[in-house]
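Next come two complexes built around subunit A: one with subunit B, the other with subunit C.
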Partner chain A sequence: MSNPNIKIDENTKTPIGSHKAIKGQSPFQLAFTRFRKNKGALIGLIILTLITLISIAAPILIQVDPSATDLYNTSAEPSSEKWLGTNDAGQDVFARLIYGGRISLLIGFATMMLTVLIGGTLGALAGYFGKWVDMVIMRLTDVLLTLPTLLMVLFLVALLERTNEWILIIALGCTAWASTARIIRSEFLSLREREFVLGAKAIGANDFYIIARHMIPNVLAPLIVAATLLVANMILVESALSFLGMGVPPTTPTWGNMLNEALNMRVIEEQPWLWVPPGIMVVLTVLCINFIGDGLRDAFDTKSTRR
Partner chain B sequence: MSQYIVRRFLISIPVIILISVILFSLVQLAPGDAFSGQFDPNIDASYYEKMRKDFGFDKPPVEQYFMWASNFIQGDFGISFRHKVEVSEMIGNRIGNTFFLAITAMIITYILAIPIGIFSAERPYSKIDYTITGISFVGLSIPTFYGALIAIYLFSFYLGWFPYSGTETVGNDYTGMAYILDKLHHVLLPAFTLAFLSIAAYTRYIRASVLDAKQQDFVRTAFAKGLDQKVVLRKHVLRNALLPLITLFGLDLGLLVSGAIITESIFSWPGLGRLLYEATINRDYPILMAGYMIIAIFVLIGNLIADILYSVADPRIRYD
Partner chain C sequence: MIDEKLLIINDLKTAFSTSMGSVTVVDDVSLYIKKKETLALVGESGCGKSMTSLSIMQLLPVNGKIMNGEIIFNNHNLVELSDKEMSKVRGNDIAMIFQEPMTSLNPVLTIGDQITEGLLLHRKLSKKEAKDRAVALLKLVGFSRAVEVMKEYPHQLSGGMRQRVMIAMAMSVDPSLLIADEPTTALDVTIQAQILELMQELKEKFDTSILLITHDLGVVAEMADRVVVMYAGEVVEEADALSLFEDPSHPYTQGLIKSVPSLDVQQERLYSIPGTVPAPNEVTVGCRFAPRCAQAWERCSKEKPSLYQRKNGHQVRCFLYELGEGTNYNESGATHS
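Showing the complex of A and B:
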């Protein structure tokens, strides 16, 4: 029997006046709850995790050396032994497909991190300090946003004697940061005028403390969404670069490089097993990331409810 | 208004100058010049020295930049390292093809995306709406070059409907209508490939925009007055929903050009994109510099036109 003297709050099921602290949920916990309900985003996350794990575990899963050439067995059709056949050099296409994910995903994620680092820092500086700092950084973003990323990277690559995945990551990071910087700058511009920042300034907090403690936590949500979509974009740009033969050296198996082998009308017509699978992997990966990005955007954006 | 246009135009000039400075510095930092690749033992080394002097490669970089800039403004883009032809002439020969391809792609985008987007928004959350939204979401994830490969495989090899290379049938000297049809026959497949990404993006955008406009108070008022559904859609919803498309037009210009590099290379389309691709492989810096500058100028003009059109079309927007 419940004690009739204690009233129970209908909403929280806790006794009123018991002073037991009710733990609220942080915005990130709320977003996570919303994200979990988004089926598309969850499926995307699961498939992306699978692709990532398989790519990482490639040397364990695949016993065949992806760059080993078998000159007696070139351009073979798919068979029970070589699941996706072999290319013109007699390399196992299936092994190359699995290994290819390693470089493509590495470039996607590493470039995203570098881009967020550069774009986030410059955007924060521009938005927080304003004046000439803002002026200089914004003119730089104007330049980078005028010329599409793919064109800028192609220009950089054309100047270099040779490329590898790390050079490519740096080249991509140096050219793709403008949109991230714009997002962070506009967030900082509005945050700068808010009362809690003014309050922090009034009690004598220094700039670094205000940025780290008050500004950055408030831009995390849009930053995470932008970063997720950046990974997809960078994988697309990398595959396009490698496809054009201007990306990772052709000896390294990447999805873009495998598609580069199909720049030949004979291959397109007669050997679809060479170019269809790597393309599907790119599309699938990018699609998963786009689903996750959309799910994150919906989860963080409290205003957007599905109509 | 005119004051706004002038100011908006003046803002673009420093951007163009900055782009040229950055591109020029990058080229200066790159190893080698026009003559380092073509060493011929039969030619005396002093010849190269003389040529370097004639081209002004021995002058300090700043001076070289001003030389290049003043030539560029006068329409002299230099001479191709590889082809030994005036770059302005090479670009002049190609740019028409790129415009033809890009404009066709834009027309295809508008013809397909606007009706599909509106159709989808008229029946939100129905099966067909989900299908359209789903397809356009997948479409956004397909790289242009992969779309091109699939298009060639399906429409050129499997169905045999469209040719996969060139701008016209070689050897046939068509005239009049037959010439136009032949050109169209060749442009459709690359243009559709180029437009594919925009179609997906536009469809999503138009659907969201129409759905948003349908929720506005003035639409409810129009319905409350007893207006016909079609009239409300045409006069109230679409006018507001499709207006922002004008701004996308300017932003699209850059996308079309960078997409053209890939599309033109695959379809052997003799345009600016293919020229730039070849110049990238050959490190033909004069072509690269001029090509990139022209693209940047077009993108900025596109943005400018979009801004002006938008302010003309939407009286709510005031610039002071």
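Showing the complex of A and C:
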């Protein structure tokens, strides 16, 4: 008779309201359920998945070498054979468009991961330990935030005197982590004061155990949202860099360096098939990712549960 | 003595460094807990009772520091232990339950993950063994659907259920001392009684000592063997529970007991002690309670009373009891000064 309310639960088989319906759902599963109801985000996810799959499968889908030049067939108009014509080096624009997605998406996702790794770690350390650790890391982010990422990368690329996608990824990752670090730090600052962290300490857990097991899972929601939007941002930065001719060298097609060809006034006016498709792809991809990011933010935001 | 002392605190002084300088929140507190005993630490908000418990656990906020004193637990002075040694004591020999069951569980981990945590950290159990033990513990604290609850998340449980989970977590490692910081304050009254009953049951089953921190004299009456009353960082009275309620000696304790609503006595308005607690950074010369005390005379604001002994270990920090046994409130006290 020591626990009357629990016993009633058992006998009447009516445990606390809709308990059965939401059984075992983690906050992430709940968020996913909400995400699925968001049409814009879902469409964005579908289109992005398609673009990603097509890009990955490019060597299977496209038999033409995107870098092969055909000097007898330069600046050709779109035809049934060359769907988007050729550029002034006689390269197949459609093949370049499909292959270009590989590099753009690779740079977007790889940079995001690197950024999240660096920014997440530094932000977590700063927020958890505070004091001088916080001081040092935050001054570093302040410095990075005052310098535009694009300029920093341009500077790094100029310094190295050469570029490829991996150099770009590292350069972008090392310069773009500041905002992620700030987000994670501020989340950690408030999490640190939560009672369950004190509780974990009272259990005898050490600092790194608490960070890894108790705190990081709690910042995953804002981290995922920030990371998603970072992918979009990084794709744009890559396009801008390649457009300026400081990104991936033109031998490897990317959406950015395809746009680079539109630097020519004649191309803009007379050969829209050279620059409109990569432009659309960049806009479409970034738009999809932003929709997904917004959807994730709404899904994770517990205040929107009451909708 | 047959009653072995599990924890002895001697002259503990804990201070916070703030922008206004060092603020002492626990001032020369001495107390002890015997094995299998429940000691209640009573006082209003901000009197330093929680800080005393966090000092024991060495979990003070970053700007807090133990300035002086010793905390002897199982013949080790906890104040002198390194962080690493201390983390072997925490959640192993001493476990803690917090006030707010809503926030003291991690929202993104399952109940099972959290209950097995202490077992996996301190006992060299396999995941399977830890899980079995966790299920047994959940059953012990009153969950009939223990196996399912293991896979659930805190948001799926009510406040009372979460506090049961907290208790199961704390007891999982079979600690010799359980510190319960206002374990029932955030719960409604009917659940309170159940939780207290559960703690009492487990205490007897596991032979645990309990340091119960509370401002609720009802809880004290229900649970405590002995009581330490704190006011503004100091111990003002210490007695076994029975004598405290029968013969409350310090004017502050008398005030506390008077301010508990009673069904037996017809009252127009509930009694409240006049005035407010002094701010911790206020420098006081005499008795800290003097400004609020109806029985204070001039000596009280000039000199600090020490703890005076009465019978059976009953101690009171008040000049009224300076002459020892038999003295009680009398106006002639003024002539002694």
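Just so we're on the same page, the second predicted complex is superposed on the first by the 280 of 307 C-alpha atoms of A that agree within 3 Å, B and C clash if a C-alpha of one lies under 4 Å from a C-alpha of the other, contacts with A are read in each partner's own complex, and residues count from 1 in each chain.
In this section, a residue touches a chain if its C-beta (ideal position, glycine included) is under 8 Å from a C-beta of that chain, and two chains touch if they have at least 3 such contacts.
On a predicted model such as this, the values are computed, not experimentally measured, just so you know.
When the shared chain is aligned, no partner comes close enough to touch A:162: not subunit B, not subunit C. Looking at the shared chain after the overlay, A:202 reaches subunit C, while subunit B stays out of its contact range.
In the superposition on chain A, contact of A:139 is made with subunit B only, not with subunit C. In the overlay built on the shared chain, the residue A:266 is in contact with neither subunit B nor subunit C.
Residues common to the contacts of subunit A with subunit B and with subunit C across the two structures: none. The residues of subunit A lying in touch with subunit C in their complex are 2-7, 9-10, 15-16, 19, 22-28, 130-131, 194-196, 198-206, 209, 213-214, 217-218, 220.
Interface residues of subunit C, counted against subunit A in their complex, comprise 57, 59, 62, 84, 87-92, 95-96, 98-100, 103-110, 117-118, 121-122, 142-145, 148, 151-153, 155-156, 158, 160, 166, 169, 191, 194, 197-198, 201. Listed in rising order, the residues of subunit B touching subunit A in the complex are 14-15, 18-19, 22-23, 26-27, 29-31, 124, 137-138, 140-146, 149-150, 152-153, 157, 164-165, 211, 215, 254-255, 257-258, 261-262, 265-266, 276-277, 279-281, 283, 288, 292, 295-296, 299-300.
By the touch criterion given at the top, residues 139-140, 142-143, 146-151, 154-161, 232, 236, 239-240, 243-246, 259, 262-263, 265, 268-269, 272, 275, 279, 282-283, 286-287, 290-291, 307 of subunit A touch subunit B in their complex.
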